[in-house]
């Protein structure tokens, strides 16, 4: 079910224009109630929009005799290898078991990931050098900040395995979407369908909002009844979906 | 004790000029130690000042067979009815049992509430579309944000009943006060007395602060001893209480 | 081990130029894994840099018959005495047992501490009048905010005793360092050594970052291998450590 | 959907013979994933079996001026009225918002409920006089114990409204089932169907267990494949379902 | 307020016959709502009854360079000194900041405390060697168990200072009462009054229970109205308070 | 470091006679402060003693479209395969991310594991059918109980990989020790050394306890000074270490 079926550039582009709120609503329509990574907030408020494939990294608790400062002499340490492996349009998702007392990584590794073309970072743990992330052009979402190095609480053990992050299942290749509200995870096989429906939902909501702003009551408008849907169709003719959004006929 | 005794416009206006810190101090003087809604923070830092009567809405856990996307086809769903029922100078207070994984409401409903004249929103749950709240001219306080719709975790069950919100008892008609620090709840029958005393306390503290800023020690100044109180009386003659504050003789 | 060995002005000055992330890494090199005060965040984002000796204040739970509003008539109440006792380059560290429902102190006391020359405040509890702290020129770190007065949950019992704060042991005279990421505590006898090594670590990392920004991979660069270290030595000749940093030969 | 459709004595009797584990499995088959009241444990290990209709009681936070020791002079106080209202085969379910610092009720009220024919008590709060519950012939499940009276944290506000208890929606008239593992809530309209299927599931599992105990591997046995199901049918002819279980043809 | 006013043997004896539930009700009558140590449970169910003066011991977080296995070579280490200092009718109360990952003490120290005449142990942390406590004739209440030595998380710093334990203020010399429900703390100056009233309350409740057991409704009986109180007076003449309870006229 | 170096039968046997408290003390002597699985308690108080190699199983959050009741039709599902793979003297350790709302497994699987020769089960999640575990001859430790099936919250993803369990790193092949206090994890390469030292520590403590029971003070006895150690040597000549404990000369 997670065979790496291709996800088109159009799908990724469409997802860049919809909110995580819309995405999770669409996923709930597919019976998936748990797709938003609760409690994972952006470090740079000006850099929250991200879309990409999940590249997973898994941490377990550190052990004092293994996790010593010298381990990073090994450039093939999983944490370092993961950073170097993240490609374009890919988002590093770290399972830190929700433990925030030590950081998962700091600004130097994030900078390298940015240079590698990575599209973002998500962790249910902490980052360090957090003031440096405030000005980094890389969407980064974490559950906390901590000055303490990864060794204090974490041991990077493997990558590209299915993980849990912030209470949500994340499989390698799933499509991660971030905005100012946080992060949602779309199972890969649903990405095209969700992207298309999300774009259409937001187009309709744009119309609904215009009516609410004009002072109309919720009744008949939100959700729209048949009359409102008909009004929307007319409005949509003059406010077509932006180009760059997926063609429903082909996606 | 919660008979809807009238609360004067002067009382509401006075409360718009005092902080939640002052309000809770006054309430502690009445023996009430638990009147601040802990952990409920503003979504729009530029819109935190609010005063109004509590309109309560109660949520219980959702159930998968009842709480499906189609329920909102019923425009009399309690969540929707509550939004339409909130009047001027009224604040919607939602008991979400402190559960933040799903949102209590989103931006469209908040926009409608604003159009209805509502003065604000408070919940010990989450809101969704939170980036949209950043620029909404409606004071909104929540315990978190979540992209997930209300259905994921909540079922709106009834309104205008006494509730708990963020650990504090809120009765319909109680007076809710919000500022940059959060939200306090004043039992309705104490509103006039608290408003008046709060204004006077802050006037005195304005004088105290001027002395501390001038370099004086706490001893004799904070709290003020008799000499400082006499000094304050002289200062107050030249810095009278602003108009618009309640007349102690009539409130 | 906590004899008040002198801490030089050069050490304090050096610590003003390094991050808490660097400080905790150095302390981990000494085997200390728990020196960062988790969950203690700055109230004024423009005032986070602070370095000073810890002046400790300890709170226990309040009791309704002891902790009444009138207790502050006693100007020798430990909370008030602590504020007046904090000297220059000293940071008030309050053990509030991680309880945030009531505040540890408010803006008037913080203002007095600032006038006394205090360098900052840290607590694992809350502060009140938090909007006032947003513009106060005093670095203040807390685990939360609460409008409720100290009496609601706390009783100030003694000062200048060893305490726990945010899960970290803090002894009077320890050196507290704050930045945008939070607060670290350096055992006093390690301050000079840590300050010196931290400055050197950050100088080396400045070079490492320049290489990563230039597009080099982590391998060989971070951590630096012998070749990179040799490159750094050459770079360092042209980018000497800033004056004001400790002389390794004498610290 | 919660019209008080009759629930037959046969259904209630059947439910007395199946475990909460089986009940929740059946409910998951109906798409209901959240029907077990997590963290609610029996006070008397010898009295855990209970089945009955839910009679709900709702608590909000107490307020010091309302919730004083004298309120119980009012014999119509909701807490007291609820106890007197509970009938035969009925279980009192108290929504205490998961707050355990004060008790929801004590042994005297539980004794009265027992005399009234009540079948049990469940709360996500605490009980007091807990040593007395150890020997009381009334199944009672709570999230904790506390010597502190209800007034310390709770105010009984209304009854027979839908509530949340231990994270689960409970509607008046739902069927509550308790055993040594805790408590499950069956939506009333599903009770007959769940009871019947649960009895059949446990009968099949009795056969499966006999095979596992005999040393067979899970493969083919658990879950049973066609061969094992055929073996079960033969076994079932000699080990018929006990009388008193529902007749699948009529339920 | 905590001058070591004498507490009579009669008061201590009376408290041995009343429950913590009754004690906290009496304290609430004095306005004290927070006197029960929530979450602190007995290790030996057969040894829960204890009454004695609080001897306090305070822990802060451990530090790896100070808290090493060799520190106990110093027989004057505060943890060890505290054990040797506890006298007859005295209860060791340890403030462990609610941290349970490391133990506060183990069975050998508890055994020594028992030999010293100590009446019990309470901590909001853990004990180790907990299976050994199951059969120790010393009432011991803890918030958890942990095999890890005290050094893993705790540093004993001083004794006989006011502390917080399980969220309750405990001053040296306060009277600690334990039973199967847990532990309550009586401010020393209230001990005689509370003991006397508690004995009388339980005597009255014995009568109330007899009526409820006989099938009477709560109305008029609980709380007792004037008629029931008159009935109690007659009953009390034939069921006098046991000797050994305090004489209300002299306490 | 986790090469499957052989662990002798003598080492395993020795560990069956020492407590988890002693084991963690020995591990702290090796600098390992985090080896006790906090909060993981035995389900059958009569079956707590267990020693064996860790066989690990890892769970991630479930997803509604993958984790449906029919998945167990696949007898090669990792949860089922893990049960069948556990061999003699092996303990199944399940990483459930500390989530207890759904069970990790139930009694039927535990029964099969017992038939396969498994030595025990540990999880930081829940088990279901917990009343059935009360009488099962298999040491089982869990963080909770839940009637809800594994599908409600968990997806078994892989086995025999390093995991975290109850905050502790567990590598396949590590030696797990359980007793009435809970569970400790010994890194495999330290097992022999720890076993030997633990047996010797307990022998010495047996002597220390005899002296404390005889009424001696802690000073000089605990920890033993040179005189006490000499006394112990004499005592040990007459109370030799039991056979079956490791030979210090060869381990």
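Couple of notes before you dig in:
By written order: A, B, C, D, E and F. Residues from 1 in each chain.
Note that contacts are C-beta pairs under 8 Å (C-beta built on N, C-alpha and C of every residue); 3 or more make two chains touch, one makes a residue touch a chain.
From a predicted model like this one, the values you see are computed outputs, not experimental measurements.
Counting hops only between chains that touch, chain C reaches chain E in a minimum of 1.
Among the remaining chains, those touching chain D as well as chain E are F.
Ranking every chain by how far its Cα centroid lies from the centroid of chain C, the top place goes to D.
Distance from the centre of chain F peaks at B, each centre being the average of the chain's Cα atoms.
If each chain is reduced to the centroid of its CA atoms, chain A and chain F end up 38 Å from each other. Chain C and chain D have Cα centroids lying 51 Å from one another.
If you average the Cα atoms of chain B and of chain E, the two centres end up 40 Å apart.
Here the CA centre of chain B is 33 Å from the CA centre of chain C.
Contact of a single residue of chain C with at least two other chains is seen at positions 33-34, 167.
Every pair of chains that touch is listed here: A-B, A-C, A-F, B-C, B-D, C-E, D-E, D-F, E-F. Of all residues in chain D, those touching chain F in their complex are 19-21, 23-25, 28-29, 33-36, 38-39, 48, 167, 179-182, 184, 205, 208-209, 212-213, 215, 217-220, 222-223. The touching residues of chain A, when paired with chain C in their complex, are 69, 72-73, 75, 80, 83-84, 100-101, 103, 106, 108-109, 111-112, 115, 128-131, 134, 144-149, 151-152. Of all the residues in chain E, the ones that touch chain C in their complex are 1, 30-34, 60-66, 97-98, 155, 157-158, 161-164, 167-169, 187.
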